Amino acid sequence: MSVLLGLFSLVAIGAGVFFFVAGTLALLRFPDSLSRLHALTKADNLGLGLVVLGLLPRAGSPLAALKLIVLWAIVQLSSATVAQLIGGALRRQDAAE
Amino acid sequence: MSPWIIAGFVGAGLVGLGLYALVVNAQPLRKLLAFNLIGSGVFLVFGIVARRGAVGPFPFDPVPQAMVITGIVVAFAASALAVALMLRFAEETGRVTLDPDVWTKPKPDDGAEDQ
Amino acid sequence: MILFDLGLAVLVLGVAAWTIAAREMFSAVVGYVAYGLLLAIVWVRLYAPDVALTEAAIGSGVTGVLLVVASKRLSLLPQADAPPGRGLKRAAAALSVLVAGVLAAAVLTLPDPAPSLAPEADRELAATGLGNAVTAVLIAYRSFDTMLEKVVLVLAVVGVWSVAPDRFWGGRPAPLGPPRPDAALVFLARVLAPIGIVIGVQMFWVGADEPGGAFQGGAILAAMAMIVMMARLTEPPRIDSGRLRLALIAGPAVFLVVGLAGPLMAGSFFAYPAGFAKPLILFIEGFMVLSIAVTLPLLVAGPPSRKGEE
Amino acid sequence: MNDVLLTAAGIILMTVAAGLVRVLDGPREVDRMMAVQLLGTGGIAALLLAASATEVAGVENVALGLALLSSFASVAFVTASPGTAKRARAGER
């Protein structure tokens, strides 16, 4: 059982790392701001989400696990909102130009 | 090479970088950033003193750490005061520089004045 | 491990170099925010989670807002910087290299074994009833120091206010947000603020035993007040409000009163009576949290800039 | 296992730090802000991984604090973007 859980952690964390790498590559390589924003939110949400998922079996207590989930939810909330705000700011800037 | 030595060198490097920028930049906000770099460099050097003082049950000496915490808060208060001063200064004069040469030369008509 | 530390060191120095070399003020400020985040990780590596939390909340979060807003306002004005002369640059570089070199040499020649107050801090820890030695240093061993630091915060607020033009004295600071904030921002403030308040209070409460404490909890509460103001759900308060001023000085005042009562209760200035130390410490810290949560947003909001009659 | 976690933390941190090249390049201010946002999230992930792998107590609290505040600079950036700042200044006079 613990071997399975360990494997699960490894796979989830590995996938999380992948999304961070992909998000960063996209931030560096994508041609315009809006598509970079799109890529960034993937790294924010999926990357951190998968890392948290992978760490859940290793959390010492149910409360510690809950803390991890709350943390992820907070990042979800604020990063999604910030993406929306940045998108809006981009559109206003483009309209002004 | 232990981690604390690396952090100590980073602190020393930050003080050097900040000092250079503090002298060279004429813009007050840049000077403020430079000043904060110096401050955090000093905090880091003090932080390694805390790390090296690990005796007994703690992996650190709590006394320098507590002083760094108060230091960070005071540094923020000082930054806020500096920002208030420079915004007011800019509002009064329409300029953002501490370069003495700019102030002794006649003022260019840049259209920034609205009073 | 060592690779991680070396990489982090190069990163911190690189971002710091960027903040001083950047051509535009705004990108320098953005670099500084990133620098604050990285510094918090360095503090974790130095086994200083309390400092890391303070750096993350104040050094990066609240200072970031202050600097971003300031750079945006200043960038509206013409920049009239003459580039520094070569002589000045060389002299400054020589001076910086000298100072950094002396500091680095000092780091290498720190006394061995290192002087430490950790044993002393540990010896009396049980008497304070606390589990977090850093909190014990702040509120018990060096309480006078911490009380004066709270006074410095009040003085900073007075300093910021005194920059105001006479005609606005007693009015409100400029709003932190746009006249018609984005609906998404209002949503974020409405949802994040209650969660943040719970977490801030929790961080203050667990600070007795775990990393956290009055500064960190207060800073998070302050940040929540700021986001509510940025979404224009509330306005910065009038600076002549009596309640506001009471909240500002509550922390240092309660601290001072308890300290002055020390000679009567425990035989010495700023001493706590045996067996009653922890409740007293939490009592003081509660008021400190209140004062910090009020002070930091006021410092970011700046001097009053409108009359704000109601 | 701990080494794996720390390696993952290092990879994430170094990757998102590479994203900081966007702070250098821009070209728009928004791009700079996005790079810092990514660094914040990556920093949180790295801290959580490091916390799980090492014995430093309370690192999750640091990560929680970062999570609450990582978006603040971006929010300030959007609310203080030039148009709104001009209006605010006009209102001051």
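Order of writing sets the labels: A, B, C and D. Residues in every chain begin at 1.
Basically, a contact is a pair of C-beta atoms (placed from the backbone, for glycine too) under 8 Å apart; a residue touches a chain by one contact, two chains touch by 3 or more.
All figures in this text were calculated on a predicted structure; none of them were measured in a lab.
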Any chance you could check whether B-C or A-D wins on number of contacting C-beta pairs? B-C
Average the CA atoms of each chain to get its centre, and name the chain whose centre is farthest from that of chain B. A
Cα centre of chain A to Cα centre of chain D, whole Å, reads 12
Taking each chain's centre as the mean position of its Cα atoms, how many Å separate chain B from chain D? 20
Distance between chain C and chain D based on Cα centroids, please, to the nearest Å. 18
Note: chain D residues in touch with at least two other chains are 33, 35, 56, 64, 68, 70-71, 75, 77-78, 81
Chain B, residues touching no fewer than two other chains: 59
Residues in chain A with touches to at least two other chains are numbered 70, 74, 78, 81, 85, 88
Residues of chain B touching chain C in their complex? 1, 3-21, 23-27, 29-30, 32-34, 36-37, 40-41, 43-45, 47-63, 65-70, 72-81, 83-88, 90, 94-97, 99, 101-102, 108, 110, 112
The answer for chain D against chain C in the complex is residues 6, 9-10, 13-14, 17, 20, 23-24, 26, 29, 32-33, 35-36, 39-40, 43, 46-47, 50, 56-59, 61-62, 64-66, 68-73, 75-82, 84-89, 91-92
Mind listing the chain C positions that touch chain B in their complex? 1-2, 5-6, 9, 12-13, 16-17, 19-20, 25, 28-29, 32, 35, 39, 42-43, 45-48, 50-51, 54-55, 58-59, 62-63, 66-67, 70-71, 73-74, 77-82, 84, 88-89, 91-93, 95-97, 99-101, 103-104, 106-108, 110, 114-119, 121-122, 133-134, 136-138, 141-142, 145-146, 149, 152-153, 156, 159-160, 163-164, 215, 292, 295-296, 299-300, 302-303
Touching residues on chain A, where the partner in the complex is chain D: 6, 9-10, 13-14, 16-17, 20-21, 23-24, 27-28, 33, 36-37, 40, 43-44, 47-48, 51-52, 55, 58, 64, 67-68, 70-71, 74-75, 78-79, 81-82, 85-86, 88-90, 92-93, 96
Please output the residues of chain C touching chain A within their complex, sorted ascending. 182, 184-185, 187-188, 191-192, 195
